[in-house]
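Chain nomenclature is as follows: A, B and C, assigned in order of appearance, with residue numbering initiated at 1 for each chain independently.
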Amino acid sequence: MSRPEIYSPEGLRIDGRRWNEVRHIKCAINTHPASSDGSSIIEQGNTKVMCNVVGPAEPTSSSGGGGAKSNTNSFANENKVTLSVKATVAPFSTIDRRKRSGNDSRIQEMCLTIQHIFEEAVMGHLQPRSQIVISLYILAQDGGMLQACINAASLALIDAGIPMYDYVCACTAGMHDTEVLLDLNRLEENDMPFLTMATLGATRKVSLMQLETRVGVDKLEPMMAAAMSGCHYLRQIMDAQVRKHGKNRLARVGA
Amino acid sequence: MARDLKPTLIENTFVLKALTENVRLDNRSFSQMRNLDISFSSTEYGAVDVHLGRTRVIVRISAEVTQPRSDRPYDGLFVISTEISPMAAPTFEAGRKSEEELVISRIIEKSIRQSQALDTESLCILAGEKCWLVRADVHFLDHDGGLLDAGCLAVSAALLHYRRPEISIVGSGDARQVVVHPPTEKVPVPLSVLHVPVCVTFSFFNMKLAQSSLTAATSTTAATTPAKENDEIDMDTDDTDETAVLVDASLQEELLRHGFMSVTSNINKEICQIYKAGQLAVEIETLLSCSEAATAVAEKVTKLIRRRLKEDEVARNVGNVLEEARAENDRLVADEGVIQDMNND
Amino acid sequence: MPLSIAEENYLSTSLSQKPPCRPDGRDPHTFRPLDAAAGILPATNGSARIRLCDGGECIVGVKAEVEVCGGKPVEVQCDIAGQLNNSPLQSFLCTTLESAVRNALPPSHLSISNKYTYKLYIDGIILDHVSHPLTLLSMTIFLALLNTRLPTLITEDNTDENDEIGLPQFESDWQQSRLLCDDWLPPLVQLAVVAGRNVFVDPTGEEAAVSDGGILAIWHQSKVVGLRTVNTRDSSRQVFNVKSVATAVDVLTQTSREVENALRKVVAST
């Protein structure tokens, strides 16, 4: 079998996108009104992540367990809110079924990363001595797990009505030879170096940048520039969705 | 981060105040690393002792013959163990993985193992049956900030220094056996190290935040703070240059910083890993210039490691006629200037 | 939140009186409204999601993997949010449902060749649960299995001679795939709680807490094929009247049939 072409000479990618096109995004907020204070589902291509936010509430010792064992010794922070992030990767989320153990260090690291991102994005000083629990469920993976998780958490926090400075939007960008490709799927991720970036809203402020593959330092700049524009684009989409949801809700109340 | 390491308010204001005046407590410039010293064990291969300022890390490499993983029959195994014991600092608990330890072990893992610094295919002896298991044990002995940087560079140096025993395969077919020769019998061979990753951590301080907390602190101590001064500060800092970037933070600076980024790169100007996870959001341009600065540091550090390796080899081979007769020896002292530079830093 | 003694007494009396009175006004054999969807995850062989009105939610994905014959044909695992792995509840759910599915599944439906077979991995995630999650998980698994598709084999039905050909080949066109449940239906496991002489299906968390105990029935091919008592409250007191066990079987037979039909409609509509 011939290997599929990652980037054709005509400038088309494996799934028919051009270099600067992101995958189809479907997002919804307030999907689980009964079980959480804020919730969201985001689909970026075939990657699907669900997020539930509970809080701000009184910190409980039981909710600190699970994913990241991070906040065990700082339950009641007197100055700002305590965030705790848990992630569940569904065993059926990958092509071949794989059961991850609960204390996989990669998942723990991701939880910690997301916690650090939102500690800065949430106006935590407004809710001292309280806790916000972010639970992420990764239902399908096709590249960009971290970015989808960050975007989902951002939407769910907004749905929960937690004051934030801005959306945190994340996007990946990769480098195929000398061509930058935006928002990679799994096949592309396995084939080329890529980075994940998250920005605070549509600013030039970078909250997260992670690169895990070897790449020449000269290729960093174009990748970063592309990822940043991807983040800004995603912010528009997410914001449009939140506004649409708000409008629908208002219409229902008014009627 | 453990609670009892938290610096006092006075320390906090003092360090931040100094930073606003472009001064670090140990009198370094913002982009200056602490004194770096690498020394190798004179008795065995693959044991390295790294001092980065007062931070001290020891790495020891060992290897044994084992069975490869069934899904990767052509690859040897490489394990990095980074457990931080209470020896480094009393706040680390033995057995329980702290946040900081998780981050350090993950970044070292990504920097060295995931970037293929060690060619694991070269560790294969008999496909699917026998391979080498190379183990790097990182021991953090003293913690004065920069555990990650020191640990990563120590593992890199130790891998370069290590010599594994020579092996030979006896017999054929199913009766094949692997014989490991002791160093007295056959000269041990170096590992196939493809590149030398060096990790540099940049600490970010939000000067605006620092100054506002300073004014808050002074206003509580001295009851009356002129409102004028507040306005002035706001105006002064209202430009893009509000983030101070420090290279190789000390423990005190690490505890006070608002965010950090770790960049691993090598002498070939390749970035192996970037880790900037949340905390203070920093302008994209700053991150880019940090990444570029990291490669420069990596180059300097790699040269130092190579230099020390050669010195070690010379010291080992005193009196060895065969070694002294080698043509390569002449080129050894070519870049004397580099060590001078490094030691002055 | 634990009930106060007064609340507990009130609830327990109203449940065991004749006729019983449930706090939400339901009949003993009425389910709460729920929201069910099948085929939500295209990367799985079969998937389903069920959401209860109390916020309880379960997602199940079924993956069929090609394995060498001889192992377990089915594996059920579940992850309960907020609970550590290997909790008693988790292992109870997994073993109960695994044996139910294994016993119901006709073995020929998974075989590929003499050497290879499909193995079904049924993974559930219980995102949230207020009431006992057994019925919820069972219904979601039922729905996911109903919508599970297996790719058609294109290699010849190999006899022992061409054993060295290795792995079987499959049709890549998903339209050609076959349904796993073409001529059989997966089992349903339903939990009911007993309070005095009364039996209640789909108990809420509070109802289960004040009940005498629970009875689960495994329903397969229009009959109850298994029965078990379940401890639904913390105390170990669990004494049932024989008559209430008989009532439970009757009630569960009736509701299981209705649930089965309702869930089949969900799959038919997607």
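Just so we're on the same page, a contact is a pair of C-beta atoms (placed from the backbone, for glycine too) under 8 Å apart; a residue touches a chain by one contact, two chains touch by 3 or more.
Just so we're clear, the structure is a prediction, and the values are computed from it rather than from any experiment.
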Query = Which chain would you call central, comparing Cα centres to the global Cα centre?
reply = A
Remark   = Of A-B and A-C, the pair joined by more C-beta contact pairs is A-B
Note = Cα centroid separation, subunit B vs subunit C, in Å, comes to 51
Whole-Å gap between the CA centroids of subunit A and subunit B = 29
Ask   = Using CA atom averages as chain centres, what separation in Å is found between subunit A and subunit C?
value = 32
Note = As the complex stands, subunit B meets subunit A at residues 2-3, 97, 99, 102-103, 105-106, 110, 114-116, 259, 261, 265, 269-285, 287-288, 291-292, 295
Remark   = Touching subunit B in the complex, subunit A uses residues 68-70, 73-74, 105-106, 108-109, 112-120, 195, 199-200, 203-218, 220-221, 224-225, 228
Note = The answer for subunit C against subunit A in the complex is residues 41-44, 47, 51-57, 59, 61-63, 65, 77, 79, 81-82, 84-85, 121, 123, 125, 127-128
Ask   = Which positions of subunit A touch subunit C when the two form their complex?
value = 32, 34-36, 46, 48, 50, 52, 62-63, 65-66, 86, 88, 90-97, 99, 101-102, 135, 137, 139-142
